[in-house]
Amino acid sequence: MLAYIVRRTAYGFVVVLGVLLLLFALFFLYAEPIEMARRAVGEKAPPEVLEQWVVNHGYDKPTWWNSESPGDTMLVDHFRSMLTFDFGRSDADDSPILERIRAGMGPSLSLTLPIFTVGVLLGVGLSLFVAYFRETYIDRMGVVLCVLGMSLSILLYIIGGQFLIGKMLRWFPISGFDASPAVMLRFLALPVLVGLAEGLGGSIRFYRTVFIEETGRDYVRTARAKGCGDGRIMARHVLHNAMIPILTRVVVSIPFLFTGSLLLESFFGIPGLGSMMVDAIHGNDFATLRAMVYIGALLFIAAQILTDIAYTLVDPRVRLA
Amino acid sequence: MSAAIEGSPNACEPLLRVEGLRTWFPIRAGILQRTVGNVRAVDNIDFEVAAGETLALVGESGCGKTTVGRSLLRLVEPQAGRVLFDGVDLCTLSKRELIPYRSDIQIVFQDPMASLDPRMRVRDAIAEGMRSFGIGANAAERTERVAALLERVQLDPAWMSRYPHEFSGGQRQRLCIARALAVEPRLIVCDEATSALDVSIQAQILNLLRDLQQDLGLAYLFITHDLGVVRYLADRVAVMYVGEIVEQGPTEQIFERPSHPYTQGLLSAIPSTDPGRRGISARVIGDVPSPANPPDGCRFHPRCPQAFERCGRERPPTYFAGEGSSRCFLSDPAAG
Amino acid sequence: MIGPVLRIDEVLTTFPAAGTRIPVVDHVSLEVHAGEVLALVGESGCGKSMTALSAMRLVPKPGRVESGNIQLCGRDVLALSVSEMRAMRGGEAAMIFQEPMTSLNPVQTVGAQVVEAIRLHERVSFVEARKRTIEMFDRVQIPDPEQRFGAYPHQLSGGLKQRVMIAMAAAMRPKLLIADEPTTALDVTIQAQILELLRELQRELGTAILLITHDLGVVNELADRIAVMYASRIVEQGERVDVLASARHPYTEGLLRSVPAAARRGEALHEIAGVVPSPSEWPAGCRFSTRCDRVESRCGDAVPTSTQVAPGHTVDCFVVADEVAQ
Amino acid sequence: MSLVEPHVLSNIVVAVLLGGAVAAFAIARRSDLWSQAGRELIGRRPIAIGAIALFVSVAMLDSVAWVGGGGAAGNVLEQSRPRSVVDRMFAPDFKEKSYSAPLADIEFYGGADLSHPGSHLLGTDILGRDVLHLTLKGARVALLIGGLTSLIVIPLALLMGISAGYFGGRIDDIVFFVVSTLASIPTLLLLIALIMVLGHGPVQVCVAMGVTGWVGFCRIVRGETFKLRELDYVQAARALGVSEIGIILRHILPNLMHLVVITFVLLFSGLVLSEAILAYLGIGIDGSWGQMIDQARDELARDPIIWWNLVAASTALFALILSVNFVGDAVRDILDPKTLGEGE
C-alpha cells in the first residue's frame, strides 16, 4: 500500500513535469514573446514599446541555454516559478497573480462547492430512483428528460434562469456578489440552481447506466433469493458496488471546484477564479493563464491519487501493490 | 506440412517431444515493481506425442494445462525447455523463423463464442490461414477448399458467406476445426474444445474429431478436465497438478490401475450415469493450492489421503514403471 | 406436512421477442415432496432454470409467469403479496446458484451476507446472528469459521464460496432448496465434496431439493426422481433408476447414450442429430420431432401428452404411448 | 495567400465528402452487420435521423459556392463575392438597417419602413441581417466543428490507442504518459490555452478541440485493444501465421469500428456545445449558433424584448444536439458488443 502511494506520487510528479513542459512549449516556443506583447499592448504599438513589454516581463532571456549564466533561461525560469508557486505578475495589469488566485478562491468555492456536493447527491439519488423503476415508463421518461437536459447549451440554462427566475419571478437577484454570508446566499442561489440544472441530465444518465448494469449482476439475484426487498438491494448492495465508477466520475469534476465555472461566474458577476480566467482571455494575459492551467492540473493529479486510495476503501478487491 | 519434414532427423522420433518446459509468470510488487515471485503455471514438464496419437492432458482448473498448449504454439513464451517438433526446437526459432512451422500445429479453443471474429465471414475466417501459408493459388481455389472443409466438418458449404453469430455453439466449434484443418496441420491442440458444449453436441464433435484423426492421421493434444471424454478419446493420458505432470500412462492403465493418489482421487470423484453405481467419494480434501506459492515437497501432499512425513519434506522424483510414470514416493520400485 | 413442498402446475412463463412472447417454461408440471431430491435435467436453454425462478417468482424483468399454479409449502405463490413472497424466499425456500464467483456480493464480507439472510427473516441481534452464521459455517465444513466470517468473497476459493452459499441458503432451515447447477463451475474433486455436503444436509435437515443440472452423473449421485426437459417442456419424469436404466423418451435415451464415459473406446458415440431448434423454429407438435430417430408423421402435428409407462414414470411421446398400449 | 480560393476548396471538400459517403455506404451495404445496424437505426429513430439529414444537407448546400449570378447591379464587390446555394435562396441585398420583428413591416425601433417588409420570416438582428439566413448558415459551422475535429480525434486516438494496447511495453508507457499528461489538465482550461496560443479561427479552434478531445477516446481504444488482443480468435490468427499488421487490420480495427461510430456521435454533440461556451468567451468560430446566442443575450434585457434572434439560434442548436443525442443512444444500443456475437 505504502509502496503504491510512493510510486503513484512519483509518477504524479513526472506527469506534473510533463504538464510544465507542454505549457512551456505552448507559451514560449509556439507563441513567441514578441507575439504576446503585440497581443497585450496592441497591434499598432511601436517596436520599442513591444520590446519594453518583453523585457519588463522577463521574457527576453535565451530560451534553452544561456552560455553566460546557465541557470538564466526561459526554461529554467518557467520551471522554477511554477514549481515554487512564484507566478509573478499578470501580463495584462501587473497585478500579482498568486494574490489574485488567493482572493478568487473563496467566491469560487462558495459557488462550486454547493453545486458539486448537491449535484452528486441529487444525481446519485435520482438515478437510484430511476434505476429502481427500470423498464417502466418512469425510467423511460427519465431517460428522455436527461437527453433533453443534456442537449441544451449551458448558455441557455443561464439566460433562461436569469430571465425566468431573476427577471420574471424576481425571486433572486440576477447577478452580483457580496462577501457577507446572508447577502451572499441570495446572490448565490440562482447560479447554484442553474449550475445544478445544467449538470443533472448528464450525471443521472451516467449513474443510471452504472446502476442498471449492477442490478443485472448475479449477487443481486442471490440477495433477492434470500428475501431482500428491492429498496434494500438498491441501497445496500447496488449502491456500494457502484462506488468505483461513481468515485471516478466525481474526481473528474474536482478541478471544476477550483477553476470555478467560467460562464456562471462571469454571467452572475461573481469575482472568483472563473471570472479571473475570463478576464485573462479578454486581456491576453498569458502569465495568468499559464498559472491557472498549472494549478488546475496539479489539483487534478492530486485528486487522482486520492481516489486511487479511496478505491481501496470502497472495494476490498482493490489491493494496491 | 512443408518445411518440417526436411528437418526430420529420424523416423523413431515422436512428432512432438517436450522436454523440461517451464512457463512462469512473474509477480511484481514494491516501489520499483521488482519481480518478487512467479506463478509457476508450467513447471518443468516432459511429454511426447506420436504422429496420429491422442495424448490427453488432464487436470483441474489452474493446474497449467492451458498454458502448456499455448506455450507449444508460443502464444505465450516459455522460459525454459525444448519443444521439439519433428526434431526442430520451436523455442529457439525467431518469430519470423517460426512462421512456416505454425501450420503444423493448430489450436481449437474452449469458448466457441470468442474463437471466431464476429466481423469476419466464415469463408474469410477459414481462408485466412491458407493465405498466410500460400495454400490455394487464388481466391476461387481457396473458396473451393473452404467449401470442401465445411463439408468435411459436416456443415453446409452454402453457409460460407454467413457470420459466426448465425451459428450455434456446436457449429462454431466445427468452424474452428475447419479453420485449423485449412492449413493442413499434423497436430491439433484441443484446449477444452468440447467443455462448453451440451452433451449431445459434445458427442457430435468428439465423433468428428475421431473421424478426422482416422482419415487424416492427425495427432491431438487433448487438454481437458473431463475424464469421461479422456477415457473415450485418448490413447495416453498425462495428469497435471499445480504445474507438474504427476502421472502419465496409457489410458487403460490410468483408469484401471492409477498409481498416483491424485489420479485415484480424481477418478473416484467422477459421478457415473449408471444407476447401479452411486456414491462417489470425496477422497481429495481441501482446495487446489496457488501455483504462485506451491507447497514444499510433493505439491499434492496437503490434500493427499496417503501422505506421510517424507512427502512434506522432499519432492518426489518421477518413477517409471512399464509404459507409465508417477511422481509419488509410493510408486518407488525400490520401496516395494 | 401434507402434500408436496413444491407443486408446479401447468406453468407458462414467457419472454418478449420480436413482437410476440416466447414460452421459456411451457405448461410445465412437477412436484417436489418433502425430503426428496428432484432433478430437473436438460441442455442449456431448455428452460430448467426459468422453471425454478418461476417457482420463486424471480423471473427477470421482461419475462413473466403468464398462467398456471405454483404452490410452495401449501401457499399460492402467484397470489402472495410482495412482502409475503419476500418472507418465503430464504425462509421456506432458498436457492443456490451456478457461479459461486459472482453470486456473492463482492464488497461485503461473506459473514455479513449470511447474517443479512438470517436477520431478514428473524428479529435477532447481530451478535446472535453472527453466532448462528459461524455455526452454519462449521456445519458446511468451512475451516476456521470464525476467521472466514470476516473474509471477502475474492479471498475464498470457488469451493468455499459455494459452501458459503449453501450456509446462507440453509441458515433458515428451508423446506425446499433449489440448487441451480450447484457444481457446474467447480472442479471434480470439489464437486465431489459439495455433493457429499448437500447429501448430508438434506439428510440432517430433511430439506427437499430441486436440483437443476445438465450433468447426468450429478443427477445419478443426488436425485431420487428425475424430470427431463427439452425445449421448455418436460418430456419424461420418473424415479431415478427408472429414468436412467430404462429411459423411454427418445431424447432421454439419446442423451444417456451420448455421454462419453458410458461409451466404449473406439466406438462412435451415439449422436442426437442436429441442434436444438430456436423457439421460432419449433415444430407444431412434439418439439423433439425434428431430431428424433423414431419420428412419425403425427409427431409434427399434435403435442403428445403424458403416458404412464410404469408407476410414477411418465413419458410424453406418441410412439412410446402406442408401445405401452399394446 | 492560399493557392486555392476558399470557396473552391470548400466545393472540393463537399465533393470528397459526398464521394466518401457513397463509398462508405457501398462498403456498409456489402457487410450484413453494418447494413442491418443501419436499417435498425433508421427504424428506431426516423425523426432524429431525418432532422440530422436536413442539417447536413443545409450545411452541404451552404458549402457549395460560386462567383457571379445575381448581386445588386452595379455593386462590383458584391458581384465578385462567391455565394453559396443557401445564400442564393435569399435576395442579394436582403438586409435592413437594424432590428425588425418576424414578418414585420416596419423597423422595431423607430418604426421606419423596411426595404423588404413582411418577408423576414424570423426577423433581423441588430445589423439588420436576416435571422433565418444566419441560422441556416450556422448549420455549416456546427458540422464543421464536429466533422473537422473528429477527423483529428479519431485517427489520432486509433493510432495511439491501438499501438499502445496491442504492443504494450515501452510504446504503451509513452502513450500512457502523454495521455495522462493531457488528461491532467482541466479540459476547458487546456482548450482556452490552446486557442489563445494558436490564435482564433475555425481551423485553430478545431485543432484545439482535437488535441483535448482525443485523449478520452484513446483510453477507450487502448483498453479495448488490450482485451481484443487476448481473445481466442486473435490467438488463433497468430497460430495461423498472420502477421501483427494483418491481425491489427483484419481483426482489431474492424472490431473497434463500432466504438468509432459511437464515439463520433457522442463526441459530436459535446463539441458543438463546447463551441457555444467558447463563443461566449469570445474565442469561438464566426457565424456559429453559439455566437448568435452570445450576441443575443443582452437583447433580453431590452424592453420590449428582442427574442427571435436568441430563439432561432438556440432552437437550431437544441434540435441538432437533441437529434444527435437520440441517435447516439440508439447507436450505442445497436452496436453494443454485448448484443453482438450472441446468436439467436
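The chains carry the letters A, B, C and D, assigned in the order they are written, with residues numbered from 1 in each.
Everything that follows uses one rule, which is that a residue touches a chain if its C-beta (ideal position, glycine included) is under 8 Å from a C-beta of that chain, and two chains touch if they have at least 3 such contacts.
If you're wondering where the values come from, they're calculated on a predicted model, not measured in any experiment.
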| item | value |
| --- | --- |
| Pair with more cross-chain C-beta pairs in contact, given A-D and B-D | A-D |
| Centroid distance [mean C-alpha coordinates] between chain D and chain A, Å | 25 |
| Distance from chain C to chain A - Cα centre to Cα centre, in angstrom | 53 |
| Chain centre separation in whole Å, for chain C relative to chain B (CA means) | 33 |
| Touching two or more other chains - residue numbers and ranges from chain D | 344 |
| Residue numbers of chain A (touch at least two other chains) | none |
| Chains that touch, pairwise | A-B, A-C, A-D, B-C, B-D |
| Chain B-facing residues of chain C, complex | 43-44, 157, 159-160, 187-193, 195-196, 214-221, 240-241, 244-245, 254-256, 258-263, 265, 268-272, 275-276 |
| Touching residues (chain side chain D, partner chain A) in the complex | 177-178, 180-182, 184-186, 188-190, 192-194, 196-198, 269, 273, 276-277, 280-283, 290, 293-294, 297, 300, 310, 314, 317-318, 321-322, 325-326, 329 |
| Complex contacts: residues of chain A adjacent to chain D | 14-16, 18-19, 22-23, 26-27, 30-31, 143, 147-148, 150-156, 159, 162-163, 167, 255-256, 259, 262-263, 277-278, 281-282, 284, 286, 289-290, 292-293, 296-297, 300-301, 304 |
| Chain D contact footprint on chain B (complex, rising order) | 70, 73, 75, 99-100, 102-103, 105-107, 109-111, 113-120, 125, 128-129, 132-133, 163-169, 176, 179-180, 183 |
| Of all residues in chain D, those that touch chain B in their complex | 31-33, 231-233, 235-243, 246, 250-251, 254-255, 257, 337, 340-344 |
